[in-house]
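Structures for review follow.
Look for chain A in each of the two complexes below; its partner is chain B in the first and chain C in the second.
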Partner chain A sequence: MIEAKGISKCYTIKKRMNFFRSEKQIVCAVKKLDLSINEGEIVGLLGLNGAGKTTTIKMLSTLLNPTEGQITVDGDDAVKDAMKVKKKINMIAGGERMLYWRLTGEENLRYFGKLYQLSGLQLEKRIAYLLDQVGLSDSKDVPVELYSKGMKQRLQIARGLINDPKYLFLDEPTLGLDAPVAKQLRGLVKDLASQENKGILLTSHYLEEVEELCDRVYIIEKGTIILHDTPEKIIASVVKNYHLMIETSSLSVALQNKIKKELVNCTIQFTDLTDSTSIHIDAPFDPTSFFINICMNEAISILKLELKRPRLEDAILTLAKEKSA
Partner chain B sequence: MWLSISATFWRNYLVMRRAFPWSFFLGHILSAIYIIIFAYLTYFFVFKGDLSSSFSAYAGTNDYLSYCILGGLLYSFSVSLLMITSRTLITELREGTLESLLLTPSTRKGYFLGYVAQGLIRIMMEFLVIIAIGSLFGLHLQQINWFHVLIVLAILILSTFSMALVLSSFMLFFRDTYITQNTLFVLMGLVCSITFPSDFLPEGVRWISHIMPLTYGVDALRMVWIEGVAINDLLTPLLKMVILGLIYLPIGSYLMKRMEKYVLEKHFG
Partner chain C sequence: MKMLTILHAEMVKSHRHNFHNKLIYFSLLLWPALLFVTAYYSFKPFNLTDSSPLSAYMNVDQITMFLLTGYLGYIFFWSLVQSAWNMSYERQAGTLELIFLTPANRLMIMFARAAGNLLEAVWLFTAFILLVLVVTGKAADIYWTHVPLALLLLSVSAIVWGGFLNIVFLFSRDAGILFTIFEEPMQFFSGVRIPVLAFPIWGKAIAYLFPLTYVLEIFRDLVLNGKNFTQMIGQYSLLLTIILLLCISSVFLLKKAETHAKETGNMVLY
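After this line comes the complex of A and B, so read on.
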């Protein structure tokens, strides 16, 4: 398990007061953050720009030392036993960095494999397996500079898996990818967790992706965790807005008034159509069962029913609104 | 460490094969050729082949052209080695591969050694081209103890490599290659007995020549090449190079470790 206890990352910056004078200021990108990632689990790390996600990932991946607090990976200290920890982890970032463009895909993997102390048949087998996994076997001898963006990203994934890490950090892994490639990548991430039991930390601006993949989500704001739970529970606790659209056989005015009376705190709009009534409801709870009961009791046919469930995106937007208010 | 050395060696070899750095290769050869031509023209057309007795006393030879050609040869050798070593991490930073490199549990020593070992192929190619051109200007190639030349070069490589680590940390700190390295190279050209003995320099400047391994490397190479001295007589300059290397190595290693963290915090924090 990866465990971060009370980690902070602070920087001393110089703020220029005038041409001759500057003042030192301490700015903390991450403050007293607690986080854990278990094997076989996908954990999301969300926040607005500048929230401290990337700094957190850099600390977890041993690239940055925390100013205070402790990170352990299966009991090994990420600062004191950095070399030991590096063997168990890897990171994949979005974009087209972290690869040598003048080398071929296969040469890149061979280079990184050797830096992870792999060699001989073991390395060659691993390279062949990964190239096959990411669908680059046919392009293994092509220099990376000739790869498309999607191919580079797939090679990055293979690079991130070359040492068969127990824990993987994915920093915006689908950034700028086409929908089919992104979907394929999401499938791969799911398999890595469920079939290969890897612990994965994911940051992404695509919230549907986080909602689809993550077992737990941490939401950070200005370097501090403000929420931590399953995506479903976060949505339920933050977003109080359900939108139901229901079309029934014609409703009498009396029944419409009865519904309005019973559903206090809800916005209801009835539109009488030729043979039916269309109803739009905005409610702080799921009003589906209420309407189904009414229709059953009053012998009204339901012609159409659509419930728009709140998504993680709505939760983040609500939180952002609350914070800026 | 061996895997890191071989991995870096092959990576750079493949990159060099696909995109040979012709500008650096020609630039280093040309800088030596300019030194040789400048010495040739000034010797024959300005000083009319007349050397002062103090030059002979300080340089230990009357063969001014060979003196300058060997100075240019080793200056180019040293500059190439310094450039290859010191630009490594800043190049990784610029190409966006520093993170992926620092994520690995590879040793930095292995990485640098692989880099330098591969770079020596290019440096030796430059070395041979400059010798060939120097021979056209009067550099003799007979009765040279090549084994002694190799010993001088090997020790110069070790001490220059150590010095390059210090230079590299400055480059990372300033995130600059051009001004930092060229300031050092101009200084080396001036104080390291490349075209004239450093004894001609004023006292206040001469001490700089004593902290440059190149000064002793050039002295030692000239003793082998021009005077043909025995290995025992080379011990003093060789020892001085070793001592400088031993001083620069821990300083460079310490600074590099700090600079890696500094760059990561500045760049990725």
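After this line comes the complex of A and C, so read on.
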């Protein structure tokens, strides 16, 4: 398990006052953050730009030392036993950097594999397996500079898996990818956790992706965790706005009044059409079962039913609004 | 074994990355050959007899050999300045951070990078020198039995120098200034074209700041003057001291650079 206890990261930055004078300032990107990642689990790290996501990932991956607090990976200290920890982790960032463009896909993997002390048949087998996994076997001998953005990102994934890490940090892995490639990568990430038991930390601006993949989510704001739970619970605790659109056979005015009376704290709008009634409800809970019961009891036909559930995106937007208010 | 794996990985990567275009082999020969020819013909208009002022510091009959050995040493050292300068590419591409994400021995990577680049950068000019020796009939002036030792000393010194520079470039993204410092001044003061003894005191002081100066003196004494081990103990000791100092500084600076990067996150800045 990866465990971060009370980690902070503060930088000293120089603020230019004028041509000759600058002033030193201490800026803390992450403050007293607690976080854990278990094997086989996908954990999301969400926040607006500058919230401290990348700094957190860099501390967890031993590239940055925390100013305070402790990070352990399976009991090993990430600062004191950094070399031991590095064998168990890897990081994949979105975008087209972090590859040698003049080298082929296979040569890139071979170089990084050797830095992880893999060699001979073991390395060649691993390279072939990973290229196959990310669908680049046919392009393995092509220089990376000729790869498409999606192919480069897939190679990045293969590079991040070259040492078969127990824990993987994914920093915006689907950044700028088109929908089919992003979907393919999401499938791969899911399999890595469920089939290969890898612990994964994921940051992404695509909140549907986080909602689909993550078992737990940390939401950070200005370096501090403001919420931590499963995506469902976060949505339920932050956003209470279900929208139901239901079209039934014509409802009597009496029944409409009965519904209005029973559904307190809800906004209900009835529109009588030629042979039917259209109902729009905004409720702080899911009103679907209530309507289905009414329709069954009153022998009313349901012609159309559409429920819009709140999403993680709504939760983040609500939180952001609350914070800025 | 681990060291060899990293060495091999770095050599292959450097080869594929820096020597991807076959035209580069022309520049590897053409540029140093032009440097040599330019230097040779710039001496031509001057008095190169025994009455020449230069004759007080060197055998003027050996001017061709002096320049050839000078430029050979210079190419060994200069190619590694260029290689270190390429560290900025690793910084920009984000691969430098990935290298430091691995558990590989950093010192080994830095020196392997130098070794990998050296071989590729110098073999063509070395072959050119052999050709010049044959064509000009100067091959007989060489103490051939001393050549392997001289080349070994030159290579080891250059690799240590290259590893040290790689680390300096790792430490700071603004180390590009070294490129300017080491180009013309190193060529001029290290005794590549003019014997160091011909410089005034201040010039000599600058000359001995460059490790190439010590290596060239030994190289020429071995290959051109045929001096034996006992005659050169002082020079060997001095070179060994310089190499040790560079190695110790490399270890110290590397630790400092990585610690600094972990504190400031500057490894991704470019």
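By our rule, the second predicted complex is superposed on the first by the 317 of 325 C-alpha atoms of A that agree within 3 Å, B and C clash if a C-alpha of one lies under 4 Å from a C-alpha of the other, contacts with A are read in each partner's own complex, and residues count from 1 in each chain.
Note that in this section a contact is a pair of C-beta atoms (placed from the backbone, for glycine too) under 8 Å apart; a residue touches a chain by one contact, two chains touch by 3 or more.
Because the structure is a prediction, the values reported are computed rather than measured.
Model built by superposing both complexes on chain A: chain B and chain C clash.
Of the two partner chains, both chain B and chain C are touched by A:Y111. Once chain A of one complex is fitted onto chain A of the other, the partner contacts of A:A299 are absent, as it touches neither chain B nor chain C. Looking at the shared chain after the overlay, A:M17 reaches neither chain B nor chain C.
Looking at chain A, you'll find residues 11, 55, 58, 61-65, 83-84, 86-87, 89-91, 93, 97-103, 107, 110-112, 114-117, 119, 159, 163 touch chain B in one structure and chain C in the other. Here chain B touches chain A in the complex through residues 3-4, 6-8, 10-11, 14-15, 18-19, 95-97, 99-106, 261, 264-265, 268-269, going by the rule given at the top. Contacts from chain C toward chain A in the complex involve residues 2, 5-6, 8-9, 12-13, 16-17, 20, 92-95, 97-104, 109, 259, 261-265, 267.
The part of chain A that touches chain B in the complex is made up of residues 9, 11, 29, 54-55, 58, 61-65, 83-84, 86-87, 89-91, 93, 95-103, 107, 110-112, 114-117, 119, 143, 159, 163. Chain A contributes residues 11, 55, 58, 61-65, 83-84, 86-87, 89-91, 93, 97-103, 107, 110-112, 114-117, 119, 159, 163 to its touches with chain C in the complex.
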